[in-house]
Structures are given as structure tokens and as C-alpha cells.
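Paired with chain B in one complex and with chain C in the other, chain A is shared by the two complexes that follow.
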Partner chain A sequence: MSSRDLLIRGRGITKVFGYGAAKTTAVDTVDFDFHKGEIISIVGESGSGKTTLAKIIMGLLKESGGSIDYKGQPRVLRRHADRKKYWKDIQAIFQDPFSSFNLFQRVEKLLLSCIRLQGLKLTKEEQFNKMKEACSFVNLKFEELYNKYPFELSGGQMQRLMIARIFMLHPKVLIADEPTSMVDACSRSTILDMLLKLRDENEMTIIFITHDVGLAYYVSDTIYIMEKGQIVERGPAEDIILNPQQAYTRQLISDVPKIHTAWDLG
Partner chain B sequence: MKNSFNILIKSPKFMLGAGIFIVMLALVLIFPMINRKDPLEMIALAFQPPSSQLWLGSDNFGRDLFLELMYGIQTSIRVGLIAGVFATAIGLIIGLASGYIGGIVDNLLTSITNIFIVIPSFIILILISVSINSRSSLVTAIIIGITSWPWTARAVRAQTSSLRNRDHVHIAKISGHSTPRIIVFEILPYIASYVVMAFVLQTASGILSEASISMLGLGPYNTISLGIIMNWALVFEAPVAGAWWAFIPAALSIALITFSLYMMNTGMDEIFNPKIRS
Partner chain C sequence: MTTNILEVSGLKTYYKTRLKEKVFAVDGVDFVLEEGKTLGIAGESGCGKSTLALSLMGFYFPPLHYGSGSIQIHGRDIMKLSKEQLRTQISGREIAYIPQAAMNALNPTLRIIRFIEDIMKEHRPELTKKQVWDMAVERFETLNLSPKVLRSYPNELSGGMKQRTVIAISTILNPKVLIADEPTSALDVTSQKAVIKLMKDLLDKQFIRSLVFITHELPLLYHVTDDIMVMYAGEIVERGTAEQMIFDPLHPYTKKLMGSIIVPEEGMKGHKLAAIPGTPPNLKHVPAGCRFAERCSYAQDQCRENNVAVKEVDGRQYRCHFDTGTLKEWYANEQS
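And now, the complex of A and B:
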């Protein structure tokens, strides 16, 4: 990867919650470089600050310190118009599909708002076709579910709709915060394949947030290992998994359950 | 929303409360159209017991108490509703602002709310009522409204600040929706049932506050409310004269109205409580 393709660069990103005795440093001087078309995994246990970091990159949380450059320019999110422009490029899928939907709005409305975010002026028929195309990309039938409410869908269907949303938006960066941890194993591989397909078609940068080293190895080019708010190790996936330097990384790798060896639960 | 309404109709408690309330409202709205006399006209001797002419007897000035009661219930319900609207609106706005914006605004608004909670609102109510020269029923209603919002504000704040961190709000944000739009479409629907419940409760307590403050003689002028009927009975010593009809019907009406509203609230609570629902 040459530096020409550098998309997002973060230096010294810090996030502190609370103050005084209750002060917690969730993210502690983290540096990162994400390139175009790269798949990055941020791996760490619960509470290691990976979701906080993801929210900072998304622009949903304001960092306490450090700077983020987007496309070589310092990122500006002060005005709503700036944020809207940023979010045209950066989108996300969250962990829990059940809470990602507004229960009071039909499925159609979620997809229509994607068209609006892109600022496209389309006729009713074009809108319909676009939404239909997005749904067929994720193997859903738009005709069957456009006027359904989210609680009438299964978790897997909901998460696939979230991917359909990403498909419509064509963002440059996708932040996937444990997108597969709440769906069954069968939907999991489908969802991962869809995400990889999206990357191949659009040269999308995908940032995976996960606790699962195995999954990270399967999908990503680069792995960042996060412990207690700090990046303890980073590098190409192969290097990290086959030749871990840190004790914490080795611990994470050895904790992956293996089907072919006997489990030591003692 | 339509769905919730359909479930609501099946709740016996809600229907009982709503039934009582609607029947009462219909009675007090229709009766004055049939009996077009002035409720303040003196038509009999003082403290006449109930008879076929005067259904609830007469008061100390010889006025028809049944007719007075009809007008009194009307005023009380109106004062209660206006107070409920004001209290709910103020509570909703402060709660939403404090819960959604968070940070320093939240701290500030929460402290203000807490100050209003610890000051006994009834005392503020009395003090404001005493210091205002012209008290119409509207002014009384507004005063009740602006002293009884804090609990609504607190509850709305709590719900909003937990909803604010839900993923669907994040999705709405990164879909580029504006803050007012997010509040109206992503937050309000989730707390709507609670707000309706709070409104019903605020109305009931508004009616009670009006009755208490009027009984002390600090209520609205130039009108008849349930509290004012009780105040007259008290001032002109109806209990001493043995004229139970001068205050018991009014007291029972207050009880019945608030009972019906509380019943509606309990019915709604059972349906909208997220633990029982779905």
C-alpha cells in the first residue's frame, strides 16, 4: 500500500470519559492509517475501547485529544453540513440488528432515506428499482418486505437490510462493529461474503471491529490488536496471527476454540 | 400507533376509566344546554335538602347545586386539562433537551428540575396565587401547570438519554438527519405512550390541585369549580347546618374524575410497559 492511497489517518487519538476519580481513559493515544480498499480488523476483548474508537472514527463521539485526517485534510465536523458530507463517505453497521431499526418506521423508509442522503432526485419507479436492486444484492425480496415493520423480520434479515443500506450508499469507508456477533452461524458467513463482495466492487475500506481473532484473520489485510485503550500490536494479518509479538495477542489467539483439537477447559 | 390503540380498547381498566370520564364529560356538556338557567341565580331558600325540583338541594345563597355542580365539573376538567398540557409540554421540552443534548446543558437542566422537585409545589402555587390580582381559571390552570412539570421532565430525561445511545439513533445521525428530525421521529415515538400516561396523571393531579387551592379561597374568580363549591360550603358552614348535599356531591365528583383518570393510566401502564408488552 502506498501512501497515495491513505484515506484516514489518526494521530494520538484519546478519549476520556468522566473526570476526577471517575475518570476513565477508553482510548489512549491511538495512531492508525487506513488505506483505500483495505480491510482492517480492530481486535480486542470487551471494554478494550474498540467500539469507542469506532464511534470516534464515525464522528459520533468527539475525541478528547489527537487529530484525524480524512483524504489528507484535517477532518471538520463542526457544522451539520460538514457532518452530512462526511457521512456520505463513512457509514456503519452495528452489532445489534434489533436496535439498529426504528421500530415505528417501515423498512421502505430506511432505504428511502439513503436515497435522500445521496441527494438523488429520482422518480418513484427509479427509487423502487434502486431499492429492489439493493435488496436482491443481499438476497432479500423487496416486494415482500417493503411495507413490513422491523419487528416482523428475523435478525439475519435485519442485518442483511443494513448491508443493503450500505450497498445503496456506496460509502468509501464502512465501519462494521461486530456485525455478525448476533446472527446465527449460517447468516454469518453470508454476511461476511457480502461485505467482501462490496469491497471488491467498490474498493471500499472496511474496518471490522471484533473480538474474534479467527474472523479477523479470515477477512482482513491488516490487524490492530487493542488492549485497555491502546494499540499493542499492528501489522499484516499473516504476521500477527502466525508470529505474534505480544503476550496479549498470543493469549487472544490461543483462546480461539478449535474444532479439531480437544478443548482444555480446566 | 393504531395497533396500540386497538390493544388499549381491549383493556378493561382503561375502558372503565375512559367510560366514566366520557359519560361525565358528556353529562356536564349537555346538561347546561337543556337547563339554560344561570347557575348563580338564587332560586330557593338557603340549604334546601334535595327534592324533585332541586336534585341536589340548594346552597347557602339558595342556588341550584346540581346546576352548579355541572358547571363546576366543567371548569375543573378544563383547568385540569390545561394544567396537564402545560405540565406535560414543559416537562417534555426540558426532559428532551436535557436528555438529548447531555453534558453541561443536562447538568444545568437537571439541577433546575431538582430544585423544583424539592420546593413543595403547593407552596409555590399558594404564593403565586396570592400575589396575582386577577385570577381567571386559565391563570390558575397555567400556575398549576408550571409548578407540576418536574417529574415528567425527570422521567423523559431518563428515557431520552438511554434512547440517544441506541443504534437506530446513530443510524439516523449517519443518514444525515437533522437533530429536530431525529427527536421527532426516532425519540418521540418511543416515549409517546409514556408522555400520554404522564399527561393523564398530570390532568388528574391538576384537578386535585385546583380543588385544594380553591378550597383555600385562592382559586379563580367569577367562575364555579368543584373546589369553589367546597369553599362556599366551608365558608358558609354547610357542615354545621347539616347540609351534606352542599359538599359531598362535589367531593365525590372530584374523586370520581380522578379515579377515572388514574384507572385509564393504570390500564395504559399495563399495556405500554415494555416488559409486559409484545
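And now, the complex of A and C:
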């Protein structure tokens, strides 16, 4: 992996919420190196700070300490124009598809806004073809959907539509925050396959945020294990899952029901 | 000798749309649950799992309506009872139901003990508040839950704790059957384990006799339930023991479902996950043939033309045109 270009580098990232006695350190001096085309999973239980870290990488939250380099340069997000430029490269899929859509916008408008964000000037027909292509990539029929409101779609369809957005935008980095926890096992495999396909086609970096060690093992090259705001273990997926060093990692793995070994409920 | 605690035969329930169409979400379901056994129900979203669970309670609120069939608890047909009898004699005492996202249903302005007092007022009016308190503390202690929870408000509890509290409250009257609809899908793996442990405790200590567990997480079912039943488009397509269903599925749909399992074990990496193309049929216009035919890679003309009844082979039930030998041969060929 190290031969690949370094894309995002974080050193000593810290995020503190609250003041005085109510002070909570959600993310505690975290270092990370994400490379081009790498799939990374950040694994931890609820409240371990993984979503906060994702939001910092996204630029939705400001870090209290530490520095993030993007493409070798310190990341600047001061002005709106900077942020807009950054978000052309970095996109996210969130856990709850029901709350990531604007309820009052039809599907067509959602996809049109992607074209606008890229600043493309296209004719009506070109726009239509582009949206149709994106929808067919995720096995949705644009002709049936464009006129619908988000609440008329199922959870799996919504999540796939989110991936269609990603397909249109071709971001360099995708942050997927529990993208499959609200959908069933069948849609889960479809969604994961699509994301892996996107990585192969565009050399996209994907950062998975999940509590499911099994999922992390299946999709990722590198796994970061996060406990109480700190990264306790990081390394290639095989090493972490098959040969965990830390007690916390071992506990996480033992909490997942498996099919070839007994599940210790003790 | 084992007795059947729950017997469902030919159950059909439907949703009525605004245009007065009937959409059968549960379409002729038969199954038997023996005392002391646990049953898992698996399937895609929208295949009728939750509607089946809701129907088993005997309460029907529009747009859900009862079509036909019978539900017997210890030989007593609950569909023949009045609403009042259902509420006082069946619900909570014979069958307890934990709907999806039940933990969000706790009234945030009441302490946990108030929910228990509420149940007792209906079912055991002779108890004083003190007796209810003692009983609740005793129950929570037996289940390794801290009695402190009883004095807390719901917002003070974590998600996993809330879910465990809801389960403890709904089984306080020692119902015979507990129906749990996706009790763990909103929780992380560590809280999930705690919830599963609680349910095992309830079974071991005989507060409940049987469990119906609905989820799409198959590895979970493998460890929790004795039998697994797979539903597709309102019908049961296969039933067998957990062992058989995971390692030796018969129906092509079950086969695909089992192929989508993800576990942190060796050999998982690089393993191709099975994805099922297309979507389940629209239940407004169900196909004449096998309901899975459109998405099945083994489908032939006869599959599309007529549906097939459930077949029984060596104590296993499945719904497919082909016999077990043919199916197994196909699966073996596919693997090589």
C-alpha cells in the first residue's frame, strides 16, 4: 500500500466537546494515512468517536487540535469557495438514508444538483443521459424514479440512489458512515459490490465507518480499531482480524456471531 | 412428549389500499412452534416478516385486515376471541410482542417503573405499589439488570440498555411466547450480544417458554434459534433446523440468502458475495408461478407457469418444483 500516493494525512487530530467539568474528548490524538485507491475501515463500538472523526475528515466539524494534509498540502477550509472545492473531491454516504434526502425535492432535482456542483454546462438531453447512466449503474430505472419523492422509495433504493450520486460526482474520497446498517443482508451485498466496483473504476479512496468487524474484514485493505477516541490498533485487514493484538480488538471480534465457530455468550 | 404452543394454519392477512385493493402480505402461512423451541424468521425487507409477527398477536388495525386461517395458542383459537378477551387474556400473558424500534416507544416523561405499574394495574390489580416494586426489582436482578434502571427516565439509558429494559418489561407477566421483531438491528455488536444474552436468560429461567425471532442477520439466527424459516413475498419458502439452513439450503432463494453472510473468519476475504438481481414481486399483482422464478437463476418454464405447494422431505419443508437431488447437483456444479 505504501507505494501508492498519500492522499489524506492526519497528525494528532483531537476533538473536544464542552468546557470545564463537562469536557469530553471524543477524538484523542489520532494519526492516519489514507492512500489513493485504498479502502479503510474505522471500527469501534457506539460512542467510540468514529463518526466524529469522519465528520472532521469531511470538514463538517472543526478539529480542536492537530493537522490534516490533503494531497501534501495543509487543508484550508476557511472560505466557502475552499469548502466547495474540497467537497467536489470528498463525498459521503450516511447511515440513515431516510434523513439524508431533502423531502421536498424529487429524485431528478437531487441528481441535477450533482451536475451543477461539478459546474458542467450540459443540454437537457445530455443531462438526462448522464442521470440515466448513473441510475442504471445502481440497478435503478431512472424513467420510473425521476418523478418520485424520497418517501416513495424503499431504504435500499434510497441508499442506492446515494451511490448513484457518488457515481456522477466521481469524488476522490468517499466516506461511508454505516452505509448498510439500515438495509437487509441482500441489499447489503449489492451495495458493497457497487462500492467496490466504483473503487476499481475510479481509484477512489473509501473510508468505511462501521461497528461490524465482519464487514470491515470483507471490504477493506486497512483497518483502524478505535476505542474511546483513540486508535488502539491499525494494520492490514488480515493481520487485524486473524491475529489481533489488543484485548479490545479481540472482544469486538468475539462479539460478532460467526458460523463456523461457537459464539461465547459468557 | 412435546406439545405445540403455537399453531398457525392457512393464515392470510392483507393491507387494504385506498383504492380498495387487497395486498396479501401474509399469504397462506402454516407453521407449528413446539414448547421450549425457538424459531427464527428470515427474509428480505418487504417479504412479510413483520406483518406475520403483527398478525400473530391477533390485533388488526387498518389498513391491516384479517383474511382467513387460524392461530392457536395451546389449542385455543385466538381469532375467535373478542378484542376485550384478547387484551386481557392473551396479550402479555400468552404472547408478548416486541415491535421494531420498540425502545423508541418509551414515554420520555415517565420513569421505567411506571410502565410496569401500568401493566400490573390491568393484569394484577390486587397488587400494591410496594409489591409491584419488589417484584420488578426481583425480576431485574434475576436478569442481571441493575434495579437502578427502574428509577431512571428512558433518556438516561443507552440504546442497548433501553432495548433490554423493553424486553424485561414486556415479559414481566411470563408470556408463553415472545415475538421479537428485529430487536438488535439498531444496536452495535456489543449491545447486540447483551440483548441476545438476556433472551437466552429468559428462556433458561423459563420466564418465557418459546421465542420467535425475526431478523435478517443470519449468523445471529444460527446461534439463537433451533429452527429457521425463510419467507419470500408473503409465503414460507423453506424451513429446517438452523444447521441445515445455513450449511445445506435447499431452496434457491435460501441458497442466495446464505451466500450473503458476512463474518470475520478466515476465507471471507476475496469470497464473492451472492447478490440477488431484481426486486421482490409487487404483491398487488403476484405472479402465477413460483414467486421467486423471476429472480431465480435455475428457473424453467414450469416455474413461471404454476406455483408449487410446500413439500416435505426428511422433516424439512421447502417450496420448489425440483427435488432435492436435482437442486443439490446444481449447487455442486456451481461451486466447481
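Here is the rule we go by: the second predicted complex is superposed on the first by the 256 of 266 C-alpha atoms of A that agree within 3 Å, B and C clash if a C-alpha of one lies under 4 Å from a C-alpha of the other, contacts with A are read in each partner's own complex, and residues count from 1 in each chain.
Note that contacts are C-beta pairs under 8 Å (C-beta built on N, C-alpha and C of every residue); 3 or more make two chains touch, one makes a residue touch a chain.
Fair warning: this is a prediction, and the values are worked out from it, not measured in the lab.
Visitor: With the two structures laid over each other on chain A, which partner does A:Phe167 touch: chain B (first), chain C (second), both, or neither?
Guide: neither
Visitor: Does chain C touch more residues of chain A than chain B does, or is it the other way round?
Guide: C
Visitor: Output check: A:Phe104 vs chain B and chain C. Expected answer is one of first, second, both, neither. What do you get?
Guide: The first partner, chain B, only.
Visitor: A:Asp212 in the overlay: touching chain B, chain C, both, or neither? Say first, second, both or neither.
Guide: The answer is second: A:Asp212 touches chain C but not chain B.
Visitor: Tell me the contact category for A:Phe142 with respect to chain B and chain C: first, second, both or neither.
Guide: neither
Visitor: For the complex, give me every residue of chain C touching chain A.
Guide: So the residues of chain C touching chain A come out as 44-46, 158-159, 185, 187-193, 196-197, 200, 216-220, 222-223, 246, 256-257, 259-266, 268-269, 271, 273-277.
Visitor: Would you tell me which residues of chain A are touching chain B in their complex?
Guide: The contact residues of chain A facing chain B are 55, 58-60, 80, 83-84, 87-88, 90-92, 94-96, 99-105, 110, 113-114, 116-117, 151.
Visitor: Which stretch or stretches of chain B touch chain A in the complex?
Guide: Residues in contact with chain A: 1, 166-168, 170-179, 185-186, 189-190, 278.
Visitor: Using the touch rule from the top, collect the residues of chain A that touch chain C in their complex.
Guide: 45-46, 139, 154-156, 181, 183-190, 192-193, 211-218, 237-238, 241-242, 251-253, 255-261, 263, 265
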